[in-house]
Structures are given as C-alpha cells and as structure tokens.
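Structures follow.
The same chain A turns up in both complexes below, where it pairs with chain B and then with chain C.
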Partner chain A sequence: MKTSIITLLFLATFTVGIAQTPQERGIEIAKAAETADLGFGSSTVAIKMTLKNKNGQTSERYLENKTLELTEDGDKSLIVFNSPKDVKGTATLTFTHKQGSDDQWLYLPAIARVKRISSNNKSGPFVGSEFAYEDLSSQEVEKYNYTFIKEEGSNLIVEQDPVDPKSGYTRRLVTYNKDKGYRIEKIEFYDRKNALLKTLTYSNYKLYKNKFWRASTFNMVNHQSNKETLLEFSDYNFEVDLAEEDFSQVALKRAGS
Partner chain B sequence: MKNIKKNHSDKNTFAKKWATFVIKYKWPVVILSILLAMGLGSQGNMQFDGDYHVFFSESNPELEAFDALQDTYTKDDNIVLVLAPKNGDVFTKENLIAIEELTAEAWNTPYSSRVDAVTNFQHTSAVGDDLYVDDLSYDSASKTASDIKEIRQKALKEPLLVHRLINEKGSVTAINITVRLPGKDSALEIPEVTAATREMVTNFQEKHPNFDVYTTGLVPLNTAFFEYSEKGFALVGIMVLVVLLLTLLLTRNFFAMLSTLLVFMFSFMAAFGFIGLMGIKLTPPSSVFPTMILTLAVADSIHILITYLQKVRKEGYDKQDAIIESIRLNFMPVFITSLTTVIGFLTMNFGDVPPFWDLGNIVAFGMTMAFLFSTTFLPAFMAILPLWKRKKGTQEAAVQKISIYAQFGNWVIKQPIRLTVISLVIIAGLTYLSTLNQFNDEFVEYFDTSVKFRQDSDFINENLTGFYNVEFSVGSGESGGINDPAYLTKLNQFEDWLNEQPEVVHTNAFSEVARRVNRSMHGDNDAFYRIPDTREEAAQYLLLYELSLPFGLDLNNQINVDKSETRVTATLKNNSSPEMIAFSERAENWLKNNAPEAMHSIGVSPTLMFSKLGFRQADSMFNGNIVALILISLILMIALRNIKLGLLSIIPNVTPVIVGFGLWWLYKGTINTGMVIVFGMTLGIIVDDTVHFMSKFLRARRELNYSAKEAVIYAFETVGKALVTTTIVLVAGFSILSTSPFALNSYMARITLIIILAALIIDFILLPSLLILLSKKEQNSIQ
Partner chain C sequence: MKNAFILIAFLSFHAFAKAQTETKKTTQEFELEIETEYRYFYENAQFEQQEDHYPSIALRPEYSIEWNKGYEGIHFKGFLRLDRDNERTHWDIRTLYYQKAKNNWELSIGLKKVYWGVTESNHLVDIINQTDAVESFDGEDKLGQPMIQFSWITNRWGTFDFFYLPFHRKRTFPGTEGRLRFATVIDKDDVGYESGAQEWRQDIAFRWKYYIGAFDIGVSHFYGNGREPLFTVSPTGTINAFYPVINQTGIDIQITHNAFLWKVESIYRHAKAQDFIALVGGLEYTFSNIDGNGLDIGLLGEYLYDERDELALTALQNDLFFGSRIAFNDIQDTSILIGGITDLENSSTIMSLEASRRFGSNWTAEIEARIFNNVDTSEFILANFRNDSFLRVSISRFF
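Now for the complex of A and B:
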C-alpha cells in the first residue's frame, strides 16, 4: 500500500516534470498515428459511394483507388471512376505534399486529355458528396496544427487546425484509438463559423498484414443539410507492389481507358 | 314613457332576472370575474413568429411544391447586403479589400452555408491547356491597378454576376448570404441571424464609412414581419388612451370610463390566456387582436352604460333600477351582436391563411369573454360604485341631441321612395366598381415606405437586381441526364427565352455553367461558348468543374444528387401578383410547348406563393362568408321573430361591404389577403346597427301599435345616439390600426372603417326607407 502511494507520488512528480503542452501531446499523437501506418508500401481498393439526401433518395458511384506510400513527401493516389456511365474511365491523380498545395490532374476520356485541376480549391464537395477533397486526401502531419483535448479510455481526442487558409474548416476534432494502432474512429468537422458541420465515423475496421488498420465503412453525416455519404471499401490489396511510374500522367490515361 | 315601461315589464324576464341576480351577488360576481381574468391571464404566453412560412397552411400546394424544390436542392433563406461605395466605383483596391473582408466576415453569420460576392465569384479560365477556377479577386490587397482593371472587365461581362451581384455600371454590388435555418424555432433563429447581421453591418460601416449598405432578402423580410408583429401589438397602448378619452367624452362619467377599461382589461387577459393555452405564436395579422377586442368590447359596454346613464340622468331611476333596466333593454341586442361577431370572426377559419385563423379564434374568444364581463362584471361593479351625480346641464343637452336624431328620422320618412332609389343607384354603381378591384400581394409592398426594409428593397430593385423570383426544377427524366446535350440545348433555349421576357432581370440556369466550362476547356475560345457536343464531354467537364470549386460554392444548390434535374431561377423586377402568376404560367407553357415531358415544370417561389395567397384566401373564404351570412340572417330572423324583416336585414348587412369595396376601388384599386376577411369580420359588427334599429322599430310596431313612420322615428330616438356612439368608437379603433405601416393590417383597417361608416349611413337612410315602403305594401294589401 505504502509503496503504491509512493509510486503514485513519484509518477505524479514525474508526469508534472515532463509535462507536455497540449500542442506537443497533440502532434505526438498525430506522429504516432503516422508511424503506426508506416510501411504499407502500396495498396488498391474498390469503393462504393452512396449519396443520400434529406429525403432518403440515394445515388451511387463506383470508384477504384490506388495509393503509393512515400516518406520524403506526401503519398500519391489515383482514383478511377467506374460509374456513372457518363464519367466511366475518368480518373484523378493526386500528389499530396507535406508543404504547400497538392497537385492534382484529371483524365477525361471523352477528349482523351489530362487536365490539371486548379489546386487552390480543395474544400469543395467531391463529386457532389458530403466529402470534401481535403477529407479524402492523404493525411500528412504537416497539414495541421494540433492540440490535445482529452483522453477517454483508449480514445485520444485531438483538435486539428488546418494550416491552409482556403480550408473549409476552422478545426477538426479527431478521435484516435491508441490501442488499435492509433487508427481514427471519428472526425468532427467545424465550419468557418465554428459550428459543427459534419461527422465522419469509421467502422468495420480490419487489420491487414497484421499492422495496418483499414475501415471498411466511412459514414459522413452533414448536420446542417442532413445529407449523408457512405463509402464502402472492399477488396483491399496490399500486395500489388505499385511503383512511381504507376502514378504518372501516362499511367493516369492508361488507368482510364 | 311610463306606458312603454309598463308594457315592457313583463318582457325580457330572463334579462331582468339575470340583472337582479348579478346585483344581488355583486361582490362574488366581481371577485369571480377578477379571478377568472387573472387565472386565464396567468396562462398567457406571448411569442412572436416572423417566418414568412406562417402565412401558408401545411396543405398549401404552392408551399408543398416550394418545399419539395428546397429538399431536392438546398434550402435557401438569404440576406442580401448591398454595398454602394460613395465614389461610385466598386472596382478600386480599397473597395475590393473592404468587400473581401465583409465576405469573409459573412461566413460567420449563424447558420450560413454559402456566401456569394463579386470577390469570391468562381471565375473559370483556361491557363495553357488546363482549367483554372479561382476567386475573381482573392487577396485584393496584392492586386495592381492593371489587375483591378482586368477584374472589373471580367466582372462586368459575367452573366452570372451582372444584375445579380453587380450592376452594369459597376457602382453597386451585393453580398448574398445563404443561411440554412434549422427551423426548430424560427422565433429564436431569425432574431439570432438578424442580430449578427446587423452587428456585422454596423462594424463594417464604422470601418468603411465610404460605403452605403442596404439589407434585404428573405431573412430581413421575416425580421420585418417579426418586428411589425411587436409594433402591431404595441398599437394597443395608443388605442386604450383614445378609447378611454372617447368613453369619458361620450358618457361624461369617470366611473363609466373605469369600468370600460376593466371590462377590456379582463377580456384582454382572457384572450392572452387563450393564446398561451392554445400555443399560438403571434404574427403581424394576429398581433392586432388587442385593438380588435378593445374596440368590440367597448361597444358592448357603451350600449349598457349609455342606457344606464340615460335612465339615471333623464328618467330619474335609482341606481339599481337603472342597472336592471339597462341590462333588460340591452341584453338581447348585445348578445346577438356578440354572437354574430363571434360567428363572423370564426369564419376566418374557412380561409387558407393560418395567421387569420389565429386572429379569428383569439378575437372570437375575447368577444365571448367581453360579452360575459359586460353582462356580469359591469353591472355588478356599477352597483358597487357610488351613484353618479346628476347635472342639470347634461339633461338639457341630451334632450336636444335626441331631437337631432328625430329630426333626421322625419327627413327620412318624408321621402322614402326617393331615398331608396338614390341609395340603390349609388349601391349599384359601387357594386360594379367593387368588381374591378385586383388582388395584389407583393410582400415588399406589405410594408409602406416608412419601413427600412421597404426602402432598402426598393433601392436594390432600382439599382441592382430584383427581389422577386420564380424557380423551376427542370428534370431530364433519367439519372445523369442533365449532361445530355439534347437536355442542355433545350435548357439553354429556356434560359434564352426567360432572358427575353420583359419582367426578367436575371436568369440562373445550369446551361450557363455547361457553356462556360466548355469554353474554358477550349482555351477560352468564344466559339465554344455553347453546350458540349457529347454527353460524356459534358459529364466529364462537369466533374472537373465540380472538383475545382471551393467550400460552400458548389453546385448542390443547382443540381440534384442524381444529376437528373437542375434548378432554373429567374429574378424579376417588381410585379403585381396577377403579373407574377401570368409570367409563371407563360414560362410553364413554354416548357409544355417546346420541351419533352420530363422537362415540364411548375414555377415556385415565395413571391409566387404570396401572389396566389389572395386568390386562395378569397376562394376559401367565399364559403365561409356564405355560411356566416346564412347563420347571421337566421339568428336575426329568430331574434326579430320575423322572417320577412330577417330577410330584409340581408340588404343593410351585405351592402356596406360591397359599397366599401366599390369606394376602395376609387381609393386604391388593389386588394390584399388581409382584406379578404373583412366581409365575415365586419358582418358581425355591422349587424349591431341593424339589430338595434330593427328591434326598436318592431317593438314600436308591436307593443306601441305605432305606424311604420312613427316606429322609424321611435327607433331613431331610442338607438340613434347609441349607434353613432359605437360607430365613433369603432372608427377610432380602426383608424388607429389603419396607421400601421404594415399593409395587411392597415388596408384591412381602412376598408373596415369605410364599411362601418357605410353601414351607419345605410342603416340611417336605406333601412328606414325600406321599412316604411315594406309596411306600406302590407297595409295596401290588407286594404
């Protein structure tokens, strides 16, 4: 009993002694999450996107996503649209950057041309969904300032303030699960007037290669418009072994046609 | 005189017993009255609702269609801030910086979902082979003079901006803030948005005094409704003063004034409790209920008080006998007029405009309570109060006054045929004129030019764009079909057709987006400012364009989720309601005649909803009015115990309304929704005149065996003063209402004024003439 009290006191002093600011703790968690996901190399996945309006009317889109992990700069990704029919074969190629704006191209099969997407705007809705492009792009640590808020069981809640002034958000409240490789359980998005705009809930997590947690379902609910978008991921493949040349403008054209 | 009294003593035994009972238990009656009024009053709860939706019943088809459109796209209530720089040029560095600043600030408006300004307009251009979409003026502080010149040029030839967010000269610009009100409690949400907007504007003007700022939009409209509900309610203060003064003048007795005040206060408290118990939220039309109850309650009290004072002052009754006699004489007429008034107000429930249901029900309840208090509390309270002093002078004056009415009666009975013919000719002429009135419910014009909202909206209409609009959801018939070139071409034609219409100030259609993106995809070559050639091209350009738009400036307000329908918005200059409806029908017909069936669409918008409101209200009130007329005529037949006179009473009851609307055509020519209810409302009130006059006429004929002419004189002598007095009170009450800056209330009050005056004139000229002529016929046929 006595020893435990002493231990407690000791621990308390120790904790105070090395007390981090909430900012330091925040960034530490973000980095831990990044580290936990390090080394997946590349992956592919099929996505079904379901848009739902206030009255429950739905509309579906099918996409394919390829991701290449990079450490010196942000990840590269390629998304191919399989439906609706009108845009079948349309594909986007994105180079995320740790510093500055991302680069993005779109391949349009109708005119067989690659067009660069103006990179200033990334806060708009992605193909009419409740996801903004910035919600879907690779989550590089450098894109936010962090403040640790609180700990709830195994969940760590961190506030993230976007660095980019053109972001649609003032802040995001991100819930990390420290026992499950710092995977993200939930994100709450606050709009420019700091009102709760959307909640993104990750569910049906699966562990791949015994290290990488991937949610099979992303559900984004817009509290202001009462619209919803559901992303369902299937056929995760971590064995594709993609390379840089799979993420070039030539590859973009090829992916689409 | 003694004769009359004896003859009457066996009549009206119920009223007499009632009065005797009330006087016997005067203290319990007074205390119970106070408890009842306070008990009901304590349930009161005053809440105001300014949301323009309150004017539409849930089953209103225009509201349903509009809500469906808002569900498909986005629900947009807006605030338009119009900025007019004093130097007359929006495009200076300083001004652009200020606009950019205010735009950024506007994103902080509660519930805002979108902010459109000239600076954050998403301008598309071709840069090399790429599509570039960016704010028209981002970071204006860093712009050079030539940059700003270029921005000005781009803005002033931009079809999505000119006449919407900037005028042709570039001297006036607007920031449109779209808010998505949760709609949980509009009584809280709207003031919250308004307070924030006002603060923002005040701060902006302090910092940038070189700008004039004007505010309009649907939220300010709601706010104006909201604030004029409160103001309408406040009118009752002035009204109470005027009525008290009038009562004092007419009765020359302080206690009479005091008891009138108390009867009104109790009736008001009861109505206030009714509002709380029923959970009614007050709106501009229903917020005038205190004035109405006051006016009508005072009329009840005055009948009783004037008879009482006459009996005491002129005929030497003691206090108690005078009270009993007054109740005996007035119970039936007061009961009948209360009943008919209540019926009249209740017919408002037949209409299609919920605020008038509330008004009708509140006033009907208040009137019932006013009747109760006038016949219980009033006599009991008078029995408690000391006896009034008698003044010699007063007596003489009263005698003289009566002779004025008798003289007038003599004048009438000399020439009944002539007066009838003249009256009928005038009435016929005015009846014709009354049919020429046209409905007009322009919500901007609900407010007169003393109201800031009206001034600002007028400025915006004259200098920038229109406040009225009509929207169409144009379908393609299939998922993703909005990218079909056939659909887009037809949509483009519809857009062009709309732009050609003289009423249209601006058109916003998706075909414009398709054209501009196509152009930018072809190196900004104007030859490609047209619909893309293939469906795939259109769909893929759209995808690219959508990926390039920033937060809050997406196309969700214009395209549905399934990409099967788009929204077309035509902004119009101020038009009258018939013109709005005609325009919308023209556009609907254009689609029917020129486009495939999937593209047919019904025009919807708040403007259109208000435009159709008057017609809808008139249609639905028509049945209500017929029911009221039948019921009230039946009541009169029973009360007068004479079918023929009951039927005759329809003439003096109906003609004042017709005459009123005939005169109204000479005065204004247009009528609004607020005026549709006046038939039912005034019917109840003007029956008062007819009932009193006819019942006295019949009494003289039956009980005194007077000739028709003598009976008319008798009726003039006995009720002439009371009718003039109540008319004065009613006229005073509605005059005060008629000063309201809110046209739904002021027009209604003005037409009521005309009708009440017309009723008195008709009851004093046409009614006695008809009574004499009708009796002559009877006599002739007997002979």
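Now for the complex of A and C:
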C-alpha cells in the first residue's frame, strides 16, 4: 500500500514533469522573470529617444521616468518631457492595473491643467515613435496568455498573446535569458494580420543592486515602415526611495512645472 | 504698489535661494520663447479707431532652480507682448513662486497659476487666476495670482488644497484701437470693488480632488473678490461695472470609460447683487489610431447653460458646443481643433479652428481662426464682436 502510494506520487510527479504543456511552461517563465525583478522598490532614469525615419533623418526627445513598484496591483510611473522645448514640462502619470484598463493623467504646462485621459489607445504611437503605448506600459503577467516555443542555449522563446482585444498585436515572440535573471533580449511583434511588424532589441545590459538587469538601449525597428526608434537609458537610480505621494496628481504638476 | 509687492517678493526669494544653493546640489534651467503673431480682422470695424491688421511680438522667458532632489525650488515664467492695441501691449509675471514638498504635503508661496476643471468649451469652476482677456479670446491665458497654497495628499481621501489669496488682479479690456471690445472702452481702473479693502481684500479658496476607478471628482469653494466684473445697467442706461464679493461653490466630475470621457462642471455663485447657477456638460469620444499610423480623431459635444442669461460675460447662456480634435501623433505633433458654439435661442454662432505643428526641434507654427456668424443684434455682449472674425498666424522660436 505504502509503496503503491509512493509509486503513484512518483508517477504523478514524473507525468507533470514530462507533460507540462507549452502553456504551463510559458507562464512559468513569465512568472520567473517577474519574480527575478521583484523588490526594486522604486527607480528613476533619464531617457534619450531618437526617432529615425526611412530616409535616416533623426529627431530627438529627452524624457525622465520615475517608477514605483507595487505588488498587489500594477506599477505606477511618471514620465516628464524635457525636450522638444515647446512640449517641455508635459508629463504623464500612469497607474497600471493587473486587471482592467490603466488609469492615466496628462499634465499640460501651458495652461497648468491636469487631464485624465483614456488609456483605450493601446496601439497608437507614443509621441510619434515606433513604440506603441502598450509597449511602454508596465509588463504585468496577467496581460498575456503564454505558450512556450523553444529553448536555444540560455534563451527561452515564449509566445505571448495579449488578453486585451484593443492590443495592436496578435502575438509577441519574447526571448528570455534564463541565465541572466530571465531578462528580455528581444521581442518580435506580429500585427493583427499576423505579419511581422516590429522587432525590439535590448542591449548594453547592466546589473543594478546585484539583482536587477536593465538594458541601456532599446532599439525598435518597424519592418513595414522602415522607421526606427532608439531609447537610451542613463543615470539609473535605485536608491531614490520614492513613495506613493511621488505619484500623485500634485507630484505630476510639480514634475511638469 | 503692485510692482513693489512683486519686487519685494522677488528679492526675498532671491536671497533665500542663494542661501540654500550654497549647501545643496541644484539644477537650473532657462528657456525663452519668442513669438511673432499676425492677426487679421477681415470685416469692417464696428467702432471707430479699431484697426484691421495687428502684427505683434511676445516674449516668454522661463527660469527654474531646484534643489533637495527637486522637492524644493523656485519657478519663474514671465510674459511680454507688444501690439498695436495699447492695452494688449502688456507684461506680466505669470509665475514666480517658491515651492517645497515633503511626504504628503506641498507648499507654494508666490505668484502662481492653478487650473481647475474638466470641460473644453467653458471653464466655469476655474476661478483662482484672473483671465488675461486681451491675450486670447478663449480665456485660457491667465494672470499670475499671488497666493499661499497648501496641498495635503491622502491616499484614501484624495487631495485637499487650501489657498490664501492676498491680492486681486483686475481684468484688462481691449483699448480704443483694439478689436473684440464694447462700444464704450472699459478702462480697468474705472472698474471698482464692492469690498472696502478693494484689491487687498484677503480671499480664500478650498478644493478637494478625489479619484476612484473611472471617476475624477473636484469640489471647490471660493470666497472673495470675483474675477468677473459685474455689469449693472441703471434705468437711465448708464453701465456700471464693479468686482463683487462672491461665494462660489463648484463641482467638476469626469468619468473616463474606454474611449469615452463624460464631463460636467457646475457653479453656484452668490453675491449681494447676483445669484446664479451655471453648468457645462458633455462628452468626448476618441477614435484612436484609425489608420494604423497614429491618427486620432476625437469628437466633442457640450451643452452650456448660464442663469445670468445675456448678462453672462461669456455669452454662453444656453448654447451647444460641438468640435473635433485631430491629432496625427507624428514627429511634428501636428494637431487640429475645430469647433463651433451655437446659441439655441437665436442664430448666433462662433466657429473656431486651431492648428499647430512643430518644425525642426525649435520652431512651432500656429493658425487660429474665429468666425462670428449671424450674431443676433439683441446679444448684450456678443453683438459688439459681430464684425470681429479674425485669422491669426503665429510662429515661435524656442531657445
């Protein structure tokens, strides 16, 4: 009797190990990546955005981003534009939610107005760039369905299908590096017609606080329009110790003034 | 008197800033916008001495210094305009204040601009700053208001704002050469006060701002010198204008649901000579990224009501606003706003168009048109502007 229970348990474990579905493996990887990045608390970073059109002409923007990590609900973030000068001080405050749409406010410095805006526009471009709003919002595990595709060395490739029907993608192919804290190396975006739309490559990774991998460069290439957007991150600060009050509408106005 | 007040404020800030900067890391920023503008009124002037062509130049310098990781700072925004209309030639300190934030509170002392409200066609609850009525027709330019503002942020119950407003600023009206004026030129110095303390009446205001789920709610109260002068007509026909002491309670609500923004603003204003409610409410719906290339088209509709009827300075007593906001979301931030306000009781209609675009990284261009159509001669305010349709082009360079 005792032996048969052990055998049964052994068999059950074995079966799970072998028969883990690609869906189960996919979500396991996404959760491992989330766990690896837990506990950063808050951070600030300066961003240089370079927009390149198909003729190679470039245009630059400078932004600052503050992030507050929350575990029960999605993260909060505050982005301020420093250039171009005519939009200097324009700022956005976003409360990401694991379920449902995000809450977002826009600060317009010319008239000192805070405006709640719809977060419905997921697929639209962020300030004329090749990044859609959904590419830049906090990546919560709950926002996708997962399918493990294959393993290549230390890279794990997982297909992610957006839960939100308003997403501009049918799927994303995400390459995780399991030896480097499940950091993301590359994302390929497939449009609503399931054609390859964009490739985002993360490079110049640095390890902060001996735990958190952050890429210094994001390069998004649009294969259909031949346009590119480069994001360069500098001055990462994980010691800022920000609180909820730093992500209030009062703080949004202060950041843009 | 006013200039002396501003100068003292500036000097004391300056000394304070200097003492602080010696010990802590600071960041400073300076920016200047130079704008050239041309306004063309294409219909014959209704009143004598009014012009048709108004070339103009404006300067907008900005300076800020921050320390204590940005939790403390001094912010300055100046303004100067030169125009053919002597009254529109004016300067102002839009903002000059010291600010300190710590944990769940923020304190601002100095001249500042504060915006309240959610609607697009009229800004009823927004009362802290005086309107710079000569600068623009839409009333969105404001004069710097001296204040002490204290904000208290709670995670559960929203934000509470307390304002102490020690000085009132009068509204400037266009001069003899200016368009968009009344038959009689109103000199701002001729407009008096109900309060014996005049512009030095010590005013107060309060606002509670709360957010839960799809709802953004603001409740406010203001007690002090009104920002709008009150016009009373005596039986002999003489117009008397003064700033009444008012109590104004305001509420503004926005519900953000998918691509819909539902908005309402309402005020109740009480003064000895006046007692009324006003309301503006409607919706905004945005079709986003419709071409897969970032094109957003928003549709706006709002209803405007004002119990003052034709004495409402805004001339929006029972009107309908409709409009469309088109944003291309391109590198140049090209956007167009078209709209119209039509009176539900008579034929009066105001059409407007505003378009803007960036060129390179330091230039912007704007086009604006306001067209007064079939303005009813019985309109107390608007009838004066019935020949004042105009086109405006401006080009700005940022340094």
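Here are some notes:
Rule of thumb we're sticking to: the second predicted complex is superposed on the first by the 239 of 257 C-alpha atoms of A that agree within 3 Å, B and C clash if a C-alpha of one lies under 4 Å from a C-alpha of the other, contacts with A are read in each partner's own complex, and residues count from 1 in each chain.
Just so it is clear, a contact is a pair of C-beta atoms (placed from the backbone, for glycine too) under 8 Å apart; a residue touches a chain by one contact, two chains touch by 3 or more.
Since the structure is predicted, the reported quantities are computational estimates derived from the model, not experimental observations.
In the superposition on chain A, contact is made by A:Lys54 with chain B only, not with chain C. In the superposed model, A:Arg116 makes contact with both chain B and chain C.
By the touch criterion defined above, A:Ser154 reaches neither chain B nor chain C. In the superposed model, A:Gly128 makes contact with both chain B and chain C.
After overlaying the two complexes on the shared chain, residue contacts for A:Ser203 are found with neither chain B nor chain C. Applying the stated contact rule after C-alpha superposition, one finds that A:Val250 touches chain C and leaves chain B untouched. In the superposition on chain A, contact of A:Lys193 is made with chain B only, not with chain C. After overlaying the two complexes on the shared chain, residue contacts for A:Leu106 are found with chain B alone; chain C is out of touch.
When the two complexes are overlaid on their common chain A, residue A:Pro84 makes contact with chain B and with chain C alike. Taken together, the two complexes place residues 51, 53, 59, 84-87, 111, 113, 115-118, 120-121, 123-125, 127-128, 168 of chain A in contact with chain B and also with chain C.
The part of chain A that touches chain C in the complex is made up of residues 51, 53, 59-60, 83-88, 101, 103, 111-118, 120-121, 123-125, 127-128, 168, 240, 243-245, 248-251, 254-255, 257.
Within the complex, the chain B residues that touch chain A are 71-72, 74, 107-113, 129-134, 138, 180, 479-480, 483, 521, 534-541, 543-544, 546-556, 559-563. Listing the residues of chain C that touch chain A in their complex gives 31, 33, 64, 69-70, 75, 95, 99, 101, 103-104, 106, 113-115, 117-118, 140, 142, 151, 153, 155, 159, 209, 211, 216, 254, 256, 258-261, 286, 288-289, 292-294, 296, 329-333, 358, 361-362, 364, 396, 398-399. On the side of chain A, the complex with chain B involves touching residues 51-55, 57-59, 81, 84-87, 90, 92, 104, 106, 108-111, 113, 115-118, 120-128, 132-133, 166-168, 191-193, 195, 224-225, 227.
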